[in-house]
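You will see chain A twice below: alongside chain B first, and alongside chain C after that.
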Partner chain A sequence: MDMSEEVLQQASPGLIPGSGTARAAKPTRLSPSFISWLQAGPMMLVFLAFFLIPLVFVVIVSFWDYNEYQLLPALSGRGYTDTFEGCIAQLPDLCTIAKTYLKTLKLCFLVWAITLFIGFWVAYFLAFHVKSKTWQMGLSLLCTIPFWTSNVIRMIAWIPLLGRNGLVNSGLTKAGLINHPIEWLLFSEFSVVLALVHLFTFFMVVPIFNSMVRIDKSLIEAAYDAGATGFQTLVNVIIPLAKPGIVIGSIFVITIVMGDFITIGVMGGQQIAAAGKIIETRVNALQFPAAAANAVILLAITFLIITMMSRIVDIKKEL
Partner chain B sequence: MTETTRTKGVSRRTLLKGTAGLAGLAAGSGAITGFPYVKSADAKVLRYLGTAVNEGDDISKQCLKDTGIKIEYITATTDDVTKRVMTQPNSFDVLDTEYFSLKKLVPSGNILALDAKKIKEFDNITPVFTKGETPGGKKIGGQGTAPWKVLYLEGKDSKKFATSATEFVTLIPTVYNADTLGIRPDLIKRPISTWAELLNPEFKGKASILNIPSIGIMDAAMVVEATGKYKYADKGNMTKEEIDLTMKVMTEAKKAGQFRAFWKDFNESVNLMASGETVIQSMWSPAVTKVRSMGIPCTFQPLKEGYRSWASGFCVSKGVSGAKLEWAYEFVNWFLSGYAGAYLNRQGYYSAVLPTAKAHMEPYEWAYWMEGKPAEKDIKAPDGSLLEKAGAVRDGGSYEDRMGGVACWNAVMDENDYMVRKWNEFIAA
Partner chain C sequence: MKEGRPRSFYVLAIFFAAYVLFLYGPMIAIYVLSFQGPQGGLTFPMNGVSTFWIAKLFQGTGIVDLGAAFRRSLLLGVIVMIVTVVLSVAAGMAFRRKFKAQSILFYSAIASLIVPSIITSLGISLEFRIIDDLIKAHWNENFETSMGLLTSGLGAHLTWTLPFGLLIMFAIFNRFDPRLEEAARDLGATPWQTFRHVVLPIILPSVIGIGLFGFTLSWDELARSSQAIGAVNTLPLDLQGLTTTVTNPDIYALGTVISAVSFTVITLALGTIHMLNKRQAAKGSDAGQGLV
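Up next, the complex of A and B:
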């Protein structure tokens, strides 16, 4: 019996019927690397067909030319030059596209920071303060309840609450706290961030909770025994060990917010530009190459952020 | 004309009921088969791509009843309809879209013009479409993509618009309206008579326009002209300088906090107005009706500079031929035969063929909707809900006054690409 067969048998003993004799094993003499390919294959094909190939098309189309009603498959940088038109001439003032991307980054950062803060403490509570496994399970299921309704409904539900004549404003007016309704509650950056935080905090909670429950409780006890304060334990033990969850949660939130245009549109009263909105407008005007160019830029920026984050934490190692 | 079409429908119905009994009725729902001719009726399906304006359950049900044609609605926004024609021309049979989209659709070669000779009511189509004047002879403003500029093609497969009438019609007209600003009279408390009021600082933080660039910029141009800042040669086809000027005025207003929000679809505009977030904004007629049916005062305010108009109609996908094409003609002919026209008129839109629509409306309804007379009886919406109490008068008066007051039409400009970029800057400002 050679090496490959041995590995094979270990991996899946049932695969080789009557493997006592070499003759019987012969027809199933598959190399271990082939088995690995076989296992990873389906996912890889899906990934290839529905992610990589379309992405390659997006990049190709971003270098095409276009007119009012069709794509012209000729090499052209027009999608990009149109996007940045007038940006250099306008210096030192920022051009619209730069402002739009900065605004997107700002919203993204705010949402990331707030969801991380809330998500961390919710996960912390679930992982360390809730002792019984049943309650842990029950409470984390409770977190998913908002997801039983659609994104759009949860988002739109804010409007009657925050509006000029909404619940908050009329409540404050009746309580005699304000004379005029507060205008910035709705159709503002505030309402955008609020809705995004509301929608996406859960994406932080789950991975962080996942990392935290796997922390060996004896490590925390050891830290206490060694005289660490609660804060020291948090900073030196819990946070480092929860890092993979934090990074995974951050990747979820950042990628979603960077590409979002529906929430920003609805909650911002269509007055706040976002990178995703530019792509949508371009697509609606049938300017596919320009839309693709903006998609490539957005992808590059998001990719850059994620690369930086995975520099801080080596997820592969931590998992 | 109407009579013959209707009689035909009835005879078919009687035939089906008489011979096949329940199965005849079921032919519509496609549930039971068993009789050869029922089967063939069963297969009469048209995939209908369009915006929601012309679509309605009542219309498709009545159509099935009268013609045996089953309509499958594919509803999308105007932009998405255009996108779909460009990228998936085989995913629909009948196309219902706006005239201003034709500048993009016709050169793409993905749509097929219909033959005017096969449209029974073609000669009865209102002169608004064919001559650019009202039946009463009032000249209509032709700025923008006015329907009569793009109504005919030079030949069956031509990609060029004909300058005079030909047999080949790009879109068979169905519905149109003259849009203006919607206001909340209870919150404004004074008369509004000009487009310039949209940028009046009095309504700071309470105004809105729609975030559809090609339409929004037309409204903006109406405002700029009304303030006396500039007079456009053609609001629907601006030069780059004119686009810059228009967007500058709007951007300044936006930076000063004039707008509460922009809206993109019907419901958004209804919500903004009904909740009091805005008191003056560009609006569509049925959205005003909707706000009013919620018990909130809302006026579709006629303004002295006139209206911005739009119109839509039917054509078919390039892939449609043979029997399907015949059904498409049958459907279009049915649509113009009165039921649908009356249905649209009762929503505040206008039907392309007025005599057939009139035959399907009560005289008091016609007087209210079309002649601008006070309602003799309560006015009901097509779904039966109360729209106006007896005595009410329609905003904007009669058909003649309203369509005669049109200043420009929704358009796609030659500089559309530049305009869209500038619009993005305006939104980001």
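Up next, the complex of A and C:
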């Protein structure tokens, strides 16, 4: 509780203690706490109705029973047992569900590593090499605009490039490097990772850039004057100071990829199983408790990853 | 620091350029391909140049009723935009003062941003299913559903746009000078007058930014709509449906049209922000204007 207040104090310095001073003027004025409720209440209601209560329902329904037609509001673990069906009997072989989660984690890790690499250097370039504010804003905007356009369009944009008769294949064939078109370019794990990196590197660039522009340039000069090489400055000064941005960006990318079912569906040719995809499949089969059970598992894994990451840095302080 | 650019500048400049090319290259490819001739296919080389596929969209002869989906998405986007702006500004004002439950609201917003969209979407659909069941059981047996574009759909989109709106408000008030409000109060302005004539004009450019986020995030939203929108589809959902059956440049034409709307909104918003900033710079200070 007190930590969030600290953050808010940072966000609006001087406002919190000062707000009470000019209040004595008229007795008819609404009390400040009532005004706060009036101002923040509507947003709180939206989150309550469309986020918090739905989450509670996900947990409750995950323990309900079901048949082919409907939900049965009776306590049952069937959502979970159906999910893990045969997992213990199959040991030491991994069952489908375990394999699916492992594959999701693998995709997640790949996308995280690549977006972090690209995002870090793009942010580094913008923050330290682009000196003029106008250029900095213009180039950041250039990176931001695609984020505002449809994800599906950005996914299908790979079809003319990676397809069987796409630019890459026809180019390589014409250059005499291959005889047959490469089949794994599209509708494969490769294309899924490529599309996810294409879609979500933005979420790395922005927070890392934000932490980097806040770094005091004189610290870097001091490191330079003290005889540090560029690499030493990077490892000992810039990376530690940019860590909050790195962690926030990582949390975004990881949670998005963990829950993704659309990109994996479209770019994987509906062939690759992933955690989000299981939920969608269960919903389409009207097996809501099983879908909810998977959602709870996914939520738990996501929560675990975020907790581990926020151990590294206090996220709230950085927002 | 040193004069001249270090070698790392050029290496990173090339890296940055490659990233931008990676970002835009494929998108430009489909914009170009959507202007294929009537015999055109899904890949290069182009088979003639025409507006055949785009015209076909607007004739409504395609696979889905795009006109209706287009209007639905537009309606939802505009409503989401208005609600996001109003609620974010209000809540942003509230956060400048201490109030009970502010950390609950803050954590809800952050959690809403990072809980995977499919879970939020599933939760909303379960919630509305349960509401439907209750209505059927207690009031009206023939009740169909309370899910819809402007009930569950609107709510689902707001859980995505409001956190962005709130975070932008934090950023705004981070660099807002409260002395301006104190001055207004000293001159006898009511709180509402202070907000209307002092605070709002100053924060207006960023508020337009919140509107921009609200509209475009809703316009292109997919994951949260997927389970929560009810029986009808938004444009991105129709587009996603097409990806499994795609055989001709219809889908590129649709992509081009959707992007054109996004880009128009972005340009309008950025233009307005720029204009407001210029006006502020020109009229914001009366220094040197004399006493008249």
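We take it that the second predicted complex is superposed on the first by the 267 of 319 C-alpha atoms of A that agree within 3 Å, B and C clash if a C-alpha of one lies under 4 Å from a C-alpha of the other, contacts with A are read in each partner's own complex, and residues count from 1 in each chain.
Criterion: a contact is a pair of C-beta atoms (placed from the backbone, for glycine too) under 8 Å apart; a residue touches a chain by one contact, two chains touch by 3 or more.
As the structure is a prediction and not an experimental result, all values here were calculated from the model.
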First, second, both or neither for A:G138, with chain B first and chain C second: neither
Partner chain(s) touched by A:P240 [first = chain B, second = chain C, both, neither]: neither
Contacts of A:T281 with chain B and chain C, given as first, second, both or neither: first
First, second, both or neither for A:A273, with chain B first and chain C second: first
Partner chain(s) touched by A:G77 [first = chain B, second = chain C, both, neither]: neither
Touch count on chain A, higher of chain B and chain C: C
Partner chain(s) touched by A:L186 [first = chain B, second = chain C, both, neither]: first
Touching partner for A:I159 - first (chain B), second (chain C), both, neither: both
Footprint overlap on chain A, comparing chain B with chain C: 159-160, 163, 165-166, 266, 270, 283
Touching residues (chain side chain A, partner chain C) in the complex: 1, 3-5, 7-8, 10-12, 14-16, 18-19, 22, 29, 32-33, 35-40, 42-44, 46-55, 57-58, 61, 71, 118, 121-122, 124-126, 129, 139, 141-143, 145-146, 148-161, 163, 165-167, 170, 198, 201, 221, 224, 230, 251-252, 255-256, 258-262, 266, 270, 276, 279-280, 283, 288, 291-292, 295, 298-299, 302, 306, 319
In the complex with chain A, residue positions of chain B that touch it: 79-80, 82-83, 86, 103-105, 107-108, 205, 211, 213, 254, 259-264, 268, 271, 275-277, 412, 416-417, 420-421, 423-425, 427-429
Complex contact set, residues of chain A against chain B: 68-70, 82, 85, 96, 99-100, 103, 159-160, 163-166, 183, 186-187, 265-266, 269-271, 273, 277-278, 281-287
Chain A partner contacts - residues on chain C that touch it in the complex: 1, 5-6, 8-9, 12-13, 15-16, 19-20, 22-27, 29-30, 33, 42-44, 86-88, 90-91, 93-120, 122-127, 129-130, 133, 152, 155-156, 158-159, 162, 166-167, 170, 173-174, 176, 178, 182, 185, 191, 212, 216-217, 219-220, 222-223, 226-227, 236, 239-240, 243-244, 246, 251-252, 255, 258-259, 262-263, 266, 270
